[in-house]
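Single-structure report; data block below.
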Amino acid sequence: MWIRNAWFVAGWANEVTREKPLARVLLNEPVVIYRKADGTPVALEDRCCHRLAPLSIGRIEGDELRCMYHGLKFDASGKCTEIPGQDRIPPSMKVRSFPLVEKQKLLWIWMGDPALARESDILDWPYLDHPDWSYKPSYLHYKANYLLIVDNLLDFSHLSFVHEHTIGSMSLAETRAQIDRTPYGLKIWRILDNDVTPAFVRKLRNVGERADRWNIYDWHARGNILAMDSGFAPLGTGGHQGARENAVQFRHLSVQTPETANTTHYFFGHPQALAPGNAELDEQLLKTVTTAFIEDKDIIEAQQRIIDLDPNVRMQAIVHDSALFQGRRIIEGLIEDQAVAAE
Amino acid sequence: MWIRNAWFVAGWANEVTREKPLARVLLNEPVVIYRKADGTPVALEDRCCHRLAPLSIGRIEGDELRCMYHGLKFDASGKCTEIPGQDRIPPSMKVRSFPLVEKQKLLWIWMGDPALARESDILDWPYLDHPDWSYKPSYLHYKANYLLIVDNLLDFSHLSFVHEHTIGSMSLAETRAQIDRTPYGLKIWRILDNDVTPAFVRKLRNVGERADRWNIYDWHARGNILAMDSGFAPLGTGGHQGARENAVQFRHLSVQTPETANTTHYFFGHPQALAPGNAELDEQLLKTVTTAFIEDKDIIEAQQRIIDLDPNVRMQAIVHDSALFQGRRIIEGLIEDQAVAAE
Amino acid sequence: MWIRNAWFVAGWANEVTREKPLARVLLNEPVVIYRKADGTPVALEDRCCHRLAPLSIGRIEGDELRCMYHGLKFDASGKCTEIPGQDRIPPSMKVRSFPLVEKQKLLWIWMGDPALARESDILDWPYLDHPDWSYKPSYLHYKANYLLIVDNLLDFSHLSFVHEHTIGSMSLAETRAQIDRTPYGLKIWRILDNDVTPAFVRKLRNVGERADRWNIYDWHARGNILAMDSGFAPLGTGGHQGARENAVQFRHLSVQTPETANTTHYFFGHPQALAPGNAELDEQLLKTVTTAFIEDKDIIEAQQRIIDLDPNVRMQAIVHDSALFQGRRIIEGLIEDQAVAAE
């Protein structure tokens, strides 16, 4: 169904405070996230081992979390440290704890075998907390299986149709992308030297009527991560490989974390370096991106409803599905490896 | 579950335009209906063969329909005629097309074996598009299996109870109907010579305080069609077999098309010949009919909810169920024949 | 799943009138309750034996109930007494009737083997219709299995946490209760001689700054009934065993009747004897009780949602679960006995 041995985004760092635990279903399991006194975020099974009440209705006390049904208290490792009115605490009284790392404004959780969790495997993407870049952290809730969203992101042939009146009108949509296998997934990229500069870009900074464009996506199969590097550099300055000081540059990160078999958490950010800290520009860019993302969401959720009517109907491939098929095959391979390893 | 080899009503002709395809689930299958340039209506499987997105979100281009996910185009036969960015189109790239005929303001679809679809089998009922008759095309969505509605229509013993305060107060409700087997279903009729003329009829046209009445229903098992011919003729002028010029006449058509196992499309019209084109009268008659139909809908949907609580409880027959039982037996027989033929 | 051979509360007596039958699903079965001409309440299967329509949409006629689909009439024993248009009524035309007794403002129904129903087994709790006591009859609908509610009522260790800001702040919450097995279930009680009198009690009647308190619960496994006797007597007057004239006394009754496997009817009343007939005081006490009950409902419904995510996760016991475990074991035993008896 999905890869378990991977770092998934559990939420934006600012969703979790000291005041109130955050409840979130991830990979079909109830998870509660809270912060310890020093701010370290903690992820536990959101299900008290006593009567199965959600700990997320509970209370943060120091570094621990108290269930507000019968008062059992759990530390950050999931061990029960207090049962009101009972002296001995059996070692079986515990909830599962999940490796959780706060990095670059995101909370990364490991739902698989904890022995395999290595912090160094977490995505390094500095644009989310770099002083030269700013953006507004965003989220969409999808009523669709995560694979349908992954399909959509790995496929650019939908741009001209789904986004006909928004981002699909750009010449980018008409250019075949190059697809390379990477150790962690796929690299999908387009270089368009000497292309027409869109009006909205020239408004942001005058890079000339024509510019050298690039659009480079890094897709990571584990965690369903898509990281983009795109921009417009003044003609002949070397494009994405040259000095970028005078370019208009964007970054984008889209991450899908399965909630259930048919629903998905979608986290995204769209950093810009033109005017870091300019909340108005961040808001404007978010609005543009969200308009296009809602177009995707509408078609993907409709697609899910059609699939639900008869889940046995098979899809048929077209030439443009190359990246999408490679993506699906990588995910399936990792799920199979996982199943073999679990035997 | 239902007869497949039959012409079902897919919609009113005026529901389908050149601007926007119509999405409708029929017999549990997603169907999209649109019009070609010359106005001919076309019904295709509402599921692109590529990624299973609904074509009904697509765009009508000439005689064809383009999927607005990746731009695949399909002709009226369901054949894919264009895959953007791909030269060769494999013959397997197609969606199912369904025989669809526009006749007398209704769209008739054939969801079964196309080899068996004969246009001449479609109901001929001229009152829906005859200049001497007018009505307002209507629709109800039922949260109930279609058989519960068929039961209701074949059964007049419910009139005095469900419609106690509306149409049930008429003497018609108290007269036992005659039931004849026809080649396509049942004929259920009542002739009441020299009966009291209801006040609302005399308001429409003064046919006298007493009149010769008739009420003739033709029920077609294939397609779940009930066609009524009813009226009030001046005494001694021959009733429904005589000259009808001075009579008050009504026609009625009720058709049920299964949507899913537990939901049904209900199309109906109630033509009058007293004042063709009088929209106010059409509206008034529709209001009366709809009031009674909502009474049926309330009890049938409540019946479905009770059945859902325990689907194993069996119904027990009463004498009045004769038409209803004959109707159910005809439908069951046709479903069995179909199963045998499919072997 | 539940005990069938028991008297369950079907509703408050004032919910059922002569005008309109009451529809209620009890133990997953549709039940209709109405009153005969002399006021006697009757409970029948809410499913006409003819076409399975709900009789609760029907009409009360004298002592009988008429189905408003086809007019079949049923007497209080469930026997069909009239089929419009049909002379002979086969003996199989009947609906199930359930023993139903109106006692002390409640309607008690027996859904199991009628041969085992003995009226003398119905709870005798005079406070619901005694002139010296008054209260406002109340009801909550729970989206949870009844056992989770029973657990909650048999367990006082949740008071300090769920009801931290309401009733949990009382010293009662800190005192271990005594639990005795009774012939019908459990007796859970606490006696606190010379305890601080809460302010709200002193406002009602000045029993002194300190008082002798008692809190005695009688829980009945059959019918899921919890009856409370609690109070505050002036110091040294003998507490609950002494003269109670000068005490502040409360009674409470909470009853759970399963609706479906995952929903429950919860009836309750909280009689006071301080000012019988004082509707304002009744309303004020109800408000206080309901505030606490909503706190329970919130956590129990959340608990049910977590259980639904993975019904296989097992609960783990703590010392405080003693009453709760005894209660569950008694219920399980009675369900097993019932299964054996049914073989």
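As written, the chain order gives the labels A, B and C, with residue 1 at the start of each chain.
Operating definition for what follows: a contact is a pair of C-beta atoms (placed from the backbone, for glycine too) under 8 Å apart; a residue touches a chain by one contact, two chains touch by 3 or more.
Note that this is a predicted model, so its numbers are computed, not measured.
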{"item": "Pairwise touch network: line, ring, star, complete, or other", "value": "complete"}
{"item": "Subunit A on subunit B, rotation in degrees - Cα superposition, rounded to nearest 5", "value": "120"}
{"item": "Same or different contact residues where subunit C meets its copy subunit B, judged by the half mark", "value": "different"}
{"item": "Centroid spacing, where centroids are CA-atom means, of subunit B and subunit C in whole angstrom", "value": "49"}
{"item": "Contacts with two or more other chains, residues of subunit C listed in rising order", "value": "none"}
{"item": "Subunit C contact footprint on subunit B (complex, rising order)", "value": "151, 155, 157-158, 160-162, 164, 176, 298-299, 302-303, 305-307, 309-310, 313, 315-320"}
{"item": "Complex contacts: residues of subunit A adjacent to subunit C", "value": "25, 28-30, 46-47, 49-54, 57, 66-72, 83-86, 90, 92-93"}
